[in-house]
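What follows are several structures.
Each of the next two complexes has subunit A plus one more chain, namely subunit B in the first and subunit C in the second.
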Partner chain A sequence: MTLTALLALLSHWRRKPGQLATLIIGLGLATALWTSVQAINAEARASYGEASAAMGAGRLTRLHAGEAGIPVEQWALLRRDGWAASPLIEGDLEVGGGVFGLTGIDPLSTRSEGGNLAPGDQIIGLEFLTQPGLLLVAPEDVESLTGTGLPPVLASANVTPGQILTDIAVAARLLGREGVIDAILIDDSARPGRTPLEQLVPTLEQSDGAAANDIAQLTGSFHLNLTAFGFLSFAVGLFIVYAAIGLAFEQRRASLRTLRALGTPVSSIVIALLIEALVLALIAGALGVVLGYLVASTLLPGVAATLRGLYGAAVSGELAIRPQWWLSGFAIAVFGALSATAVSIRQAAVLPLLAAAQPRAWAIASSRRYIQQAVFAFALLALAALIPVFFSGMLAGFAMLGGLFVGAALLLPPGLALVLNLAQRCMKGPVSEWFLADTRQQLPGLSLALMALMFALAANVGVGTMVSSFRLTFVGWLDQRLAAELYVSASDEAQSQELYAWLDARSDAVLPIWSANSTIAGQPGEVFGIVDHSTYRDHWPLLAAAPNAWDAVAAGEGVMINEQTWRRLNLSLGDPITLADTSALPLVAVYSDYGNPNAQAIIGLDPLVERYGERVANLRYGVRLPPEDVPALMRELEARFDLPEFGLIDQAGIKAFSLSIFDRTFTVTGALNVLTLSVAAFAMFASLVTLASMRLPQLAPVWAIGLSRGQLARLEMLRAGILALLTWLIAVPTGLVLAWALLAIVNVEAFGWRLPMHVFPGDWLRLLGLAVLAALIAALLPARSLVKRPPRDFLQVFAQER
Partner chain B sequence: MLLRVEDLEKSYGHGPQSQSVLRGVSLELEAGESLAITGESGSGKSTLLHLIGLLDQPDAGAIRIAGEAVTALDDSGRARWRRERIGLVFQQFNLVPSLTVAGNLALQARLAKQHDPAWIQTLAERLGLTEYLQRYPEQLSGGQQQRVAVGRALAIRPVLLLADEPTGNLDEATSEDVLELMLELCRDADTALVMATHSTHAAGRLTRHAHLTRGQLT
Partner chain C sequence: MPMFCLSLMLAVTAVLSPVHAQGFAGLGVEAEGFAVPERGTRFDFPEDHGAHPPYRIEWWYLTAVMEDAEGRVYGAQWTLFRSALAPHSGEGWETPQLWMGHAAVTTPQAHYSAERLARGGFGIAGADPHPFQAYIDEWSMRSAAERIAPDGDALDALDLTARGEDFAYDLALTAQGPLIFHGEDGFSVKSASGQASYYYSQPFYTLSGTLQLPDGPVSVSGEAWLDREYSSQPLSENQLGWDWVSFHLDSGEKLMGFQLRQSDGSVYTAASWITPQGEVTAYEDGDLTLTALETHEVAGRTIPTRWRVELAERDLDVEINAVNPQSWMETSVAYWEGPVIITGSHGGRGYLEMTGYGEE
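So, the complex of A and B:
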């Protein structure tokens, strides 16, 4: 019996293949957007896991010094004392236009569980240790590294793409850093009976596994943002499913009543509807997972570049098929289909057996329902407004955004009805009056699609405003902060001293960019020392500063910290800041430091050298000189000094590099924005096409009294355009509030910095154009079929008068 | 006695808005008999048929079909009775538009697990529908659609066929045609028929005739 009822229900789709396609494509698209985001997140997390395992994070202590590196003798000292220590060299290697992360290890002393290579692993052989050595790379990188003059490469699935693993001697030769090592991994569990590290190697900084494993924590916010966007996209797609399933229910209402009259129990109908939803969900889910894979594969290289640029996290550029994301894709498809069907099932369960046929009874929305909806919407908006007052944190930010979006979406249909009602009172003329009344009658059928459009437009305005504001601020910040015309790095201390003297005689000023790794108020970070120069006083933007902050820093009586540390630790000016567990300095100023996830502090140059001694990386300088003199000085420097790779960068080069990282950061956001807008346009198209098939009884009388099919078609197009315009009017303020929330709440939580908000009305107008265009394109097909509809169809309406 | 209706009462609405539609209606019908119920619009004809057809419940009174007190049944029991023992024909045909004629003819029989392809083929032939079996309802005339509805109702060989204005949407010739077929098939299957109609001519074709005035049979 249930099967018979199911087959009778399913027969609807055979007669309405377009509607079925709409439903499956809608749910498939929604699932695809969600799945793609989940796939990207899963891939990134897997890469963090690999990287963490490779670095022995969580199990090994990492010893490191400044840029000068650790002398080999220190490692020998540790080994002689009986410590299980393994040296490490890390650097970037430019090969064939690409940059690879190169890690050199000592396979004989590397703990078996501490690296990608296990002792006895078939890939460790004599050739790995002897000249010319072997480079272990990810399979996808073999081709680009073969025939480049490097040692032979060998594919290993254990190596993250973009990374090269090799013997430490080979790495030292390739990086030109023989005689020094960057870090030493220490097995902390072997501590008893050994000389404490603090005594044995006092100049080396220790960072434990947890600190080294910060990547996952740092990027957590980025992934939460992506997930939120994925959910938003899914919600937009879900509107299509709601609309398609709702309309299908209305079209089948009479059949359901007939089935009930013929003795089909409610339970059989409910089970049949559930089975139907599950079958549709599985089909659409499969489509969505495949589409999601394609979208994620396309976006992943950009996301990998973003994560590398923003957080220094190496993420595979190739997507693996992992159960966690494709299963989540199916799960969300089933959830979407069932939640969309729930309303239909409830209506089917309480369907009065004898009610007169009311096609699209749901469409007869009473003004009372609109008032209730508006009250609920205002309550949600008020709740959203109160959340940031009483709560803080990322979840509060997203809860506020959720309330804002749902509230604004619910407010849309009553708002549109009100506007149309007011317009109807002002309009004189039978056609315009009928047009407005008819548009109001169409609202319930179109409201889900319009809500989807509103979601997409608001997200576009919000995220676009956030990204553009960020970019504007970032560019301004770069202009201010990168004040030196030229940046020079020496290869060693001797060359550094020589460089300083040489440059001092040929420029307006030489500004040392010296730093030391250090804890800052207990946070791992980097402390910079600066000389007292007008460049800093004139150009560096300070977010908060005590009077005479620069004087205090120059005198060694104050410290400046970056914004993210300031916000993270909730510090105030005057608070004591402890650097490297030594005496504290008062906080005198806070500066912007976009793109850096770690703590950073600025003190005077002399205090830096006094506090950190040999641990100071003292190889870099900023050089002030007239811009037109930069090329000549660069040529002279190249001729005179054997500078390391990337040792000479002009201001424009650094800015271009920084901006390229910035732009890549938001590539994925932009792509998701476009996809969401496309899904919303499809929702509109789907609703208009489905409604068009049910519109004939409303259009036939107007046609009969003298409006031509062409006129009716033009009015249908005009209606779509007007509704898109009105939806845009509500979406813009919603998007601006979204932008504010992203800039003032989510970004502060995610990245630790707050940005000023700028508005871009030009972008809104472009979006309006796109929205109206999308609506007109969506309305074109139904309008065209209306023009081509034979008069017989119109006449049939009167012949079959209900 | 196949059908016994005793003191049936039904009203709609509550309080002062309440409107009494049936006031103490009683009737009896033997198997194979046919009863026409006539009356003005709003006299309660359809309501009476809905109650006998177990589509609705009376406020008072009792209905027994084939000896069983069906008014006491719960919702699923009433659904089972409708599915397996009662045929319904409506003025609006109420076919499933997405099913073909063949699908509609077999629908109730499949639901009742009484699908007999040979019997349905016979019905299709007698109703003149064999050449339309693969068509959809919208591709048929009103008369043809009503024949499908009659066939669907008779496919379960019901003990009782209820027809609510079955010819109300048809022209005179088609009405005569459909009525003749319905009576003939009921006679052959020994099915009792209760038909609500405005037409005195149609009513005259049935073995018995009752008139409903202001909720009471005369």
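So, the complex of A and C:
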């Protein structure tokens, strides 16, 4: 019986292949967007996992001290006591303009009975231990590290991109560490009878693989962002599915009634509907997963670049097929199909046996329902507005966005109805009145598609505003920050001194860009030392500053820190800031520092050298000179000095490089934006096609009264355009609030900086054009078929009227 | 023992690579700047009990046969190997001196083993002459000055300790005789092509102490044998494996003997007979014969665990039986090493070491 019912129900799709395609494509697209985001997240997490495993984190305890490092004797002490302890030297290595994370391990400490401290089970040969050593790197990094004067390079699949694994002796040499190590890995499961760590090495702190976890934590907000986007896409896609399945149910009311009349039990019909939904979900799910894979592999390199650029997190650019994302793809497809079918199933279950099949498009909403919906929408919006007042943090930001979106979407149909009502009062003439009344009547059927369009438009306005604001701020910031005309890096200290003397004689000013790795108020970061020069006073972008901040810095009586540290630690001007193990300085100013995940501070050059001595990296200079003299000086420098690769960069070069990184960072956002908008346009198209096929009874009398098919078709197009315009009107403010939330709440949480908001009305107009165009294109096909519809069809409406 | 040790030393480097062959790369037959043992060199003690960085390879190798109050027999091993990648000490991370420790306890029912690896240069592993101590991690072999006569040798009394996941031991050793010098006053020729090592032993230890086993502590007493050897030249290439014995005979006499199994099926044998007073007689190739009588399946290999050992010149014709046929060292380079019971023309206890029995 169930089989018969199923076959009868499925026969509908044979008659309406277009509807079937709409349904599958809609569900497929929704699944694809969701899957692609999940795939990207899964890949990134796997990369972090590898990085963490490479550091031996998780199973092992990690011992560390402050920035000064751990005296190597402490490690010896642990081993002599019987602890399975493996030393690590970690640091950043600048190679050819890029920065690699360098990790030095002691392969002789990594293996012992009961414990394997080997990072990622590396294959390590004798060359690893003998001079000149061996660098293990990811296959994609081999090229950029070959021929750089570093030890020989060997590709290893176990090393994450952007990382170098080598013997601890080589790492100590490359990073200039003497007698100190950065961390000790302890396998505390292996050996009995040892002195407790607290007694043996009381100064060392314990953590469980902290460094790798930091990355996961740092990037967590980025992935939450992506997931939110994926969910939005899925929600938009789901509208399509709701529309298609709802339509199919309406159209199959007659069949359902007949089946019931023939004696098919309700249970069989419900089971048949469930099976149908599952089959559709699996087909669409498969399509979506494949599509999602394609989208994700296209986007992944961009995401990898973003993560590397923003957080310094290394993520592979290759997408692996992992069960967690394709399973989640199928799961969401099934969830989507079932939830869309649920309404139909409930109706099928309670369908009165002898009820006539109503030839109506959709349930016509009463004005009472609109009022309820509007009240609910306003309540949601009010709630969304209150959230940032009482709560802070990423989740609050997203909760606010959720309330805003759902509220605005729910408000859309009542809002449109209200506008149409008002218009109807002003408009005179039978055609206009009919047009408005007819539009209102279609509103329920179109409202889901319009909500989808609203979502897409608002997301577009919001994200577009955020990215453009960021870019504008970033460009301005680059102009300020990169004030020097030329940037030069020496290859060693001797050359650095020679370079300084040489440049000093040939330029307006030479500004050392010296720095040292250090903790800043307990956070790992970098301290820069600057000379007192008008370049800084005039150009450096300060967000907050005490009077005479520059004088204080120059005198060694103050410190400036970057915005992200300031916000993270909730500091105020005047607060004492400890730099590594040296004495604290009062905070005198805060500057913006986009694109840097770590803490940063600025003090005077002399205080830097006094405090950090040998640990100061003193190879880089900014050079001030008239811009027209830059090319000549660059040529001279190249001829005279054997500078490292990328050792010589002019201001324009650095700006172009920074902007290219910035733009790459947001390619993903842009691409997802376009995809969402396309899905929304498709939803609109699907709804209009659906409605067109059912609206003949409404159009036939109008046609009979004298409006031509062409006139009717033009009115249909006009309606689509007007609805798109009205939707856009609601979407723009929603999008602006979204942008504000992204800039002021989400960005601060995710990146640690708050950006000024700029508005781009030109973009909104462009978007209006796009929305109307999409609506017109969506309406074109139904309108065309209306024009071509034989008059006989119109007449039949009267003949068949039941 | 000595030649086996040579191959084991190579293993220090091999251990770093799953492909063992890779470990031998770079360690050619030539000494490559390392010091080479010379005939007629006088030992200078206690200096020479410590490490010799200019030589490529060196070890402190101790085996002990013991019994508890019920007469149950136990074996213990404590070994420290030094392997140099370059002929100097070096400082900090740059030191080319690598160290490997092996320790084991054998009971009739079980065999426990452990391994430690370390870089020199940080006081984690090493061998110092003043006062004498060889150590890696918490394992150590120390001169027990309070038990040594004023004019005695640093090795006359030792405290020995090691610990693994499921065993530990603390043993006090006291020498009942003098140091023994192999070959020509400790200059021990290893092949026809002239490869040689400095080689001396202390075979006269008696010991007492405690073994920590999973079932609890066990008080033991017995005998021990220490080998000291350093050199720079590895083995000839036609070596397949090695069977080595050390005997503590009831008569107070000691025997060290080995056979080298060569790829053409022949064997090369050598032996040292040591009187209770410490007089050494060296025997040449063919004087000693070792005949396998019974094999056991050990770690997927077929390994002889009962042997007939004959040295006609000393009227020695004995059978040796492994106390535990499964005395398998699960270390980076795996081998068989364990105590044996001697019966036949002479009675006693000893140690057997076998290498090169491949997996089947």
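FYI, the second predicted complex is superposed on the first by the 621 of 802 C-alpha atoms of A that agree within 3 Å, B and C clash if a C-alpha of one lies under 4 Å from a C-alpha of the other, contacts with A are read in each partner's own complex, and residues count from 1 in each chain.
Going forward, a contact is a pair of C-beta atoms (placed from the backbone, for glycine too) under 8 Å apart; a residue touches a chain by one contact, two chains touch by 3 or more.
In this text the structure is predicted, and so the values were computed from the model without any measurement.
Looking at the shared chain after the overlay, A:G193 reaches subunit C, while subunit B stays out of its contact range.
Residue contacts after overlaying the shared chain place A:L294 against neither subunit B nor subunit C.
When the shared chain is aligned, subunit B comes close enough to touch A:R14, but subunit C does not.
For subunit A, the partner that touches more of its residues is C, with subunit B and subunit C as the two candidates. Within the superposed three-chain model, A:W75 lies in touch with subunit C and out of touch with subunit B [touch as defined at top]. In the superposition on chain A, A:A656 contacts neither subunit B nor subunit C. Against subunit B, the residues of subunit A that register as touching in their complex are 1, 4-5, 8, 11-12, 14-16, 252, 254-255, 257-267, 353-354, 357. Only residues 72-73, 75-76, 79-82, 106-109, 111-114, 123-126, 128-131, 167-169, 172-173, 178-179, 190-193 of subunit A touch subunit C when the two sit together in their complex. Those residues of subunit B whose C-beta lies close enough to touch subunit A in the complex are 50, 55-56, 75-76, 79-84, 86, 88, 90, 92, 94-99, 103, 107-108, 110-113, 136, 152.
Across the interface of their complex, subunit A is touched by residues 13, 15-19, 22-23, 25-26, 85-86, 92-94, 96, 98, 113-119, 122-124, 135, 137-138, 163-165, 168, 332 of subunit C.
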